[in-house]
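Down below are the structures I want you to see.
You will see two complexes here that share subunit A, one where it goes with subunit B and one where it goes with subunit C.
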Partner chain A sequence: MRSWDSMDDFEAFLDDGGLVEPGDAMPDTYREAVFRFIELHANSEYMGGLTERDWIAKAPGLANKLTALAKTQDEIGHAHLLYMVAADMGIKTRDEMTVDLLAGRTTFHNVFHYRAYTWGDQIAIAYLVDAAALASQQAVFKNCSYGPYKRILRRIIAEEGFHMRNGEELLLKMAKGTSQQHDLMQEGIDRWWWPSVQLFGPDTRPDDVLLRWHIKSERNEVLRDRFVQKMVPQLTAAGFTIPDPDLRQDPDTGRWISGKIDWDALKAAIAGRGPDSERRLRDARNAWDGAAWVRTALDEAAAVPA
Partner chain B sequence: MEAAVLEAAVFDAVSSVCDPEYPDVTIAELGILESVSMADNGSVVRIELVPTMLGCPALDVIRRDVAAAAQSACVGAKARIEVVFVADPVWTPDRIAPSAVAFMAREYSVAVRSALTDATCPICGNAALEHRSDFGPTPCRSVEWCPNCRNPIEVVGRVDIAVSA
Partner chain C sequence: MKTYEVFLKRPGKDPFTHVGALEAPDDELALSFARDCYARRSEGEQMWVVARSELLVADSVELEMADRSHRHNDGALLRDLRKAGDSPAS
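On to the complex of A and B.
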């Protein structure tokens, strides 16, 4: 077990690229910040998995159903690993985290507070939301100071890359399809563009401890800008438009500049007042309650001596 | 191009195709690539792959990546490419090359449990992992917990093929 004499020593250790391990005597404020961050990530993977699950039955064709099945398995599996690491930090048990999530006491990402109505929405999620989430996770992984979290991120990133590739293939298929497919896809982009841009969050504050303690490695606005620079040309080349009437290109640098971002929409969604928050949480509660007998059966089986 | 030369060129090309979920481990190292052979009097290049699991969701992507790699090695040749997943032999974790086992442990903290060797924690070497779930983010990996270094560990190779004591 390592310990540090002062916060300055601890921060110097982090700045040198040091990895904190579970047995280390880390400062309580650091432990709390890392825990909250991982809990939010775990909640988001879990809620994302439940959303993906809806599409196992609804996705068109066997190949797309298998993909939905695999992605559901990925998201729930990621949530499981993250909850294990979070619970080990000794602040809340896994059950407490679940209960808090279902009661609306903790949060999950804004994008899971919106409803996916059509297959076009689902592809827009795979293309835009998965790309945004992957970019954020890559930035966390790059400089992550908490060892167990960094190791899980390594695998999550490899798997999410596979999802993004799937999103790109599906989007191009729709782009080359009938006018009806094209319109369905455009409607999906129109619904999911802004929530994806907002997912990165408002500009990072100068005193952000997540940056100082190497939980995040890049500022929100930098990641958000990179996303816009990548997505605008790709979507335009595929024949789609961006639902931002004020989007413009800087004549000197050629960089794309977004119109005003509605941060109130982000705040409302995260606070559980998004367009689909209520239904999403109700579904999650139903899934939890409906599986109560499985947990009981597993507990009882474990209690029987071998 | 002569059949044997073409066969070797295709084998080389498809050997370096990477697994979609381990972007820097090849299908040859994972034991997914079974054989490359010429069929129908040299008009067909037949590539046989062994799926790690029949229900693996990545099979289609692997098939396409392999076909594309084979195609690039066949430029100028008239042979048609055929990529098939075979059910015999059955894939087991023993087919993973030692170099890939070491790489997966180091880079992904993923352990391998085969008939030859039991899984140990890829982070601290502890041999007493605690089973938590038969399936992890992918159906070919179980989730275990290392009580020594306190990390969740994913293990390739199902519990039911664990080395018997």
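On to the complex of A and C.
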């Protein structure tokens, strides 16, 4: 177990690339901030997994159903891993985190407060949302100062890469498909473009401790801009349009500049006032309550001597 | 619920590696959950799952603090000696 005499010593350790481990006497403010960040990530994976699950039955064709099944297991699996890492920080137990999530006391990412109506939505999520989430996670993994989180992120990133490639594959299939498929895909892009851009969050504030303590390695606006530079040419080349009438290209640098981003939509979604927040949380509560008998059976089985 | 630690052995020369932890009500389900959580894509050819309460944990101060310099030779003195032409090898 390591300890530090002052916050300055601790920050010097982090600046040197030091990795904090669960047994270390880390400053309470660090423990609290990192815990909240991981809990948000875990909640988001869990809520994402529940949504993905709906598409096991609805995805067209066996191959797509199998992929939906694998992705659902991945997302729920990521939630498992992250909740363990968070629980080991000693602030809340796993059960407390679940209870808080279902009661709406903690948050999850904005993109899981919207509804996926069609297969086009589902592909747009796999392509846009997963790409945005992956970019954020890679930026955290790069310099992440909390050891257990960094090690688990390596695994999560590998699996999210699979989801994103799958999303791109399906998007290109739709681009080359019938006009109905093309329109369905365009509608998906129109619904999911802005939530994906907003997922990166508003510009990072100068006093952001997550950046100072090497949880984030990159400012939100840098990641967001990189996402726009990558996605606009890809979507355009595939024959789709971006639902941003003010999107323009800088004539000198060739860089794409977004129109005004509606940050109120982001705030409302995260606060649980998004278009689909209520139904999503109700779904999660039903899933939890519906599986109560499994938890009871497991506990009773464990109580029987072998 | 009990907490378990999971170790995987990848194919090839690598030793067992700690990959993470999980919660399970008993040993049988711990093995099942470990496969679901950590080996969905054949990440390992062998897996150990150990209840955290059964782990013997060494005191990290004893591991880190003791002077072990007599067990290492960084070669600095040898390099100087060789440069000076005093090394028996030259």
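Convention: the second predicted complex is superposed on the first by the 306 of 306 C-alpha atoms of A that agree within 3 Å, B and C clash if a C-alpha of one lies under 4 Å from a C-alpha of the other, contacts with A are read in each partner's own complex, and residues count from 1 in each chain.
Rule of thumb we're sticking to: contacts are C-beta pairs under 8 Å (C-beta built on N, C-alpha and C of every residue); 3 or more make two chains touch, one makes a residue touch a chain.
Because the structure is predicted, anything quoted here is derived from the model rather than measured.
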For the overlay on subunit A, clash or fit between subunit B and subunit C? clash
Is A:Asp299 touching the first partner subunit B, the second partner subunit C, both, or neither of them? second
Which of the two partners, first being subunit B and second being subunit C, lies in contact with A:Arg94: first, second, both, or neither? second
Output check: A:Met1 vs subunit B and subunit C. Expected answer is one of first, second, both, neither. What do you get? second
According to the stated criteria, A:Arg151 is in contact with first (subunit B), second (subunit C), both, or neither; which is it? both
On the A-aligned overlay, A:Gln73 touches which partner chain: subunit B = first, subunit C = second, or both, or neither? both
If you stack the two complexes on chain A, which partner ends up touching A:Gly161: first (subunit B), second (subunit C), both, or neither? first
Quick check on the superposed pair: does A:Met84 touch subunit B, subunit C, both, or neither? Answer first, second, both or neither. both
Between subunit B (first) and subunit C (second), which does A:Gly23 come into contact with in this model arrangement: first, second, both, or neither? both
For A:Leu62, decide between first (touching subunit B), second (touching subunit C), both and neither. neither
Superposition clash, subunit B versus subunit C, among 42-50, 60-68 or 114-122: 114-122
Where subunit A meets both subunit C and subunit B, residue numbers: 23, 70, 73-74, 77, 80-81, 84-85, 88, 148, 151-152, 155
Quick check on the complex: what are the subunit A residues that touch subunit C? 1, 23, 70, 73-74, 77, 80-81, 84-85, 87-88, 94, 148, 151-152, 155, 298-299, 301-302
Subunit A-touching residues of subunit C, taken from the complex the two chains share: 1, 3, 19-23, 25-26, 29, 33, 36-37, 40, 60-61
List the residues on subunit A that touch subunit B in their complex, please. 21-23, 63, 66-67, 69-70, 73-78, 80-81, 84-85, 88, 147-148, 151-152, 154-156, 158-159, 161-162, 165
What residues of subunit B sit close enough to touch subunit A in their complex? 20-23, 57-58, 60-61, 107-110, 123, 132-133, 135-139, 143, 145, 149-152, 154
